[in-house]
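Across the two complexes that follow, chain A remains constant while its partner is chain B and subsequently chain C.
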Partner chain A sequence: MKKIETEDYKAYFDPEASQVVLAGFLRLSGIDAYQPIMDLLLAAAEQTESCTVDLHELEFLNSSGISMLSMFVVRIRDSVTTKLSFVGSKKVLWQVRSLKNLKRLMPNLEITLL
Partner chain B sequence: MSQSSEQFGRFVEPSGNSKEYLTLHFSPSASARQERWQNYGLSADFLGDYFSNFFPGNQISDHELSQKDTIKSAVSFIANELLENSIKYSYDCAQFPITLSLYLYEERLIFRSVNCAEIAVAARFKQFIRDLLAAPDIDVLFTQQFEKTAAGSGESCMGLLTMICDYGVELSWKFQPIDRGKNTIQVDALAYLDLTKFDNQLFSN
Partner chain C sequence: MHNFPNSTDTNPELPAHLAPLLQEIECLRKENADLRIALSNTAEHGDLIEAELYETNCKLKAEIAVRVRAESTLNTLLEMLTRQKSDLEIIVQTLMEHGDLLDTQWYEKLHEVVLQAGIDSLTQIPNRRRFDDYFERQWQQMRQERLPLSIIMCDIDAFKSYNDTYGHLAGDACLKQIAEAFCKCLQHPSDLAARYGGEEFIALLPQTDLDKAVIVAQRMQQIIRDLQIPHRSSPVAQTVTVSMGVACTIPDPTLSMSHLLQQADVRLYAAKRQGKDRIVSTTIV
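Coming up: the complex of A and B.
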């Protein structure tokens, strides 16, 4: 299982669940700093026909991180082969406020807030 | 090159009747920028924790978040974005620290970030502000910038647009020449968060 873990956040792909989990506090210093996480997301999406990104324990994501998610969504949208969905939490404000914006890029994107 | 100050948006300096305020100073040359990045996030979280204490912790109607949790998260996000912007665009000169202030009033929170920037950098930022203020529909501008960012086309100012569109923040700026440095200018940003709009902005989907 590919995993990135620091004091502040973790990111990993669980192939059995076809799921990428991002958790913790992500406020890296610009879009370039998010490349390892972007690579993890893209590698996961290549290995599955239906990929879920579980964000419900991701308490903080800065605008660079939101931009990284938008880039990932467009890559998947353009590849057509993978079905993509996001799972978030109604208890995390940035997800309640900003996650829906990804549907502007991919209207059939499935976003579930639990 | 203009030597007078320029204002964009409704720039009203915070008055002295704030119920509570805090100012944090960051010295740009104290250590490597990358090493300090984590501290900036912690500072934004501190402001969120501190100011959320003035708000009730009970849930509002059928929403999952209390007013206290909402303030904590909103303050942390907005403070972090203002601070990140100040740091990204500031000119590293020790005599001009970056400051971030937060003022609490009965009906609003006012964030203020101050930093100095190179004039050429500030000029590019001013152009974005002009485009922002002239946009007939901010929602359309948001989508256009979001598409550009998603396509990987450079600077996007998505942080500012997210504050406006997702958190209901009103932004304004003042650019002032600095006597001591001909190539630098002081950038003073204000972000107003209207507390009376919680129900219809911060919680609406």
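Coming up: the complex of A and C.
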């Protein structure tokens, strides 16, 4: 299991659950700093037909982070083969709105708000 | 070549007629030869033109095929660019909205933290820090408006022995009940009640003179009595009681804020000295 963990956040792929978990406070500076997380997401999507990204414990994601997530959604949409779904939380304000916007990029993106 | 009978024998004028005919035949032969050449030239020219047209046609067909391919490529490119443009528009909008949401999220957190910083964690009413800030603001405002500002200082009687008798958990519960009752008695939105420390509470009543402040204090005293919180070790009553000091002033530049606080404090301790469970609103010199 590949895992990136700092004091502020953790990101890991659980192949058994076909799930990538992002949790904590993601405030990396610039799109380049997000590359390791983008790589983790893309690698996970390659390994599974149906990939779930669990964000419900990701309390904060800055603008570079949402850009990275948007680009990830576009990549998966264009690849056609992978089914993608996001799990968020109704309690986290940014997830309620921004995840819906990502659905505009990929209409068959599945979003579940816990 | 036709063989004509020698008609000169029969017609002496015939040679004279024959000569122009022979000439005409010769002319016709030449014309025929010229026409044959012309026909051959025309046919050859036609072939050339046809070959040229064929070649041009082939070139045009090839060009059309190239252009059709180019158009198809351009259409694909246009489609791709249109999609990318649409993606980018969505991403920009997502980013803008996300930024605004983050602003809101941080602001709410900040607001919560600021609020928490001003709230007493046990009683959930404003703490001393919040009271001090508010007192300063109201002091300036009442000074400008030349309006009275009152303070009620309240202390639970024999609270140490309450804790000793019933334990600290019961003591905390008692503090919560008193705090709630204390706050209930405030009537104006600008009034503020706070936990001042330990078992001490304080209320700030802007635009309220001493008489009205005393009425509020009496209401507080009564509502706390009505709670009927048992206090068997109290030297005053069988239930929890409070002592209060009330002070009022119209702030002016010659007075300090601490003067008003001190006055209320002095009166509170006068109430304690006089036997507790009472309100003192005058200073006996």
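The rule is simple: the second predicted complex is superposed on the first by the 114 of 114 C-alpha atoms of A that agree within 3 Å, B and C clash if a C-alpha of one lies under 4 Å from a C-alpha of the other, contacts with A are read in each partner's own complex, and residues count from 1 in each chain.
Here is the rule we use: a contact is a pair of C-beta atoms (placed from the backbone, for glycine too) under 8 Å apart; a residue touches a chain by one contact, two chains touch by 3 or more.
What you see is a predicted model; the values in this text were computed from it and never measured.
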Touching partner for A:Lys90 - first (chain B), second (chain C), both, neither: first
Contacts of A:Ser63 with chain B and chain C, given as first, second, both or neither: both
Touched partner set for A:Asn108, first chain B, second chain C, both or neither: neither
Touched partner set for A:Ser98, first chain B, second chain C, both or neither: both
In the superposition, chain B vs chain C on chain A residues touched: B
First (chain B), second (chain C), both or neither touched by A:Thr81: neither
Touching both chain C and chain B, counted on chain A across the two superposed complexes: 60, 62-63, 66-67, 70-71, 74, 93-94, 97-98, 101, 104-105
Chain A residues within the chain B interface of the complex: 8, 25, 27, 29-30, 60, 62-64, 66-67, 70-71, 73-74, 89-94, 96-98, 100-101, 104-105
Interfacial residue positions of chain A with respect to chain C in the complex: 60-63, 66-67, 70-71, 74, 93-94, 97-98, 101-102, 104-105
For the chain C and chain A complex, residues of the former touching the latter: 87, 90-91, 93-95, 97-99, 101-102, 104-105, 108
List of chain B residues in touch with chain A within their complex: 33-34, 37-38, 41, 45, 63-65, 69-70, 73-74, 76-77, 80-81, 84, 88, 142-143, 146-147, 149-152, 156, 158-159, 162, 166-167, 202-203, 205
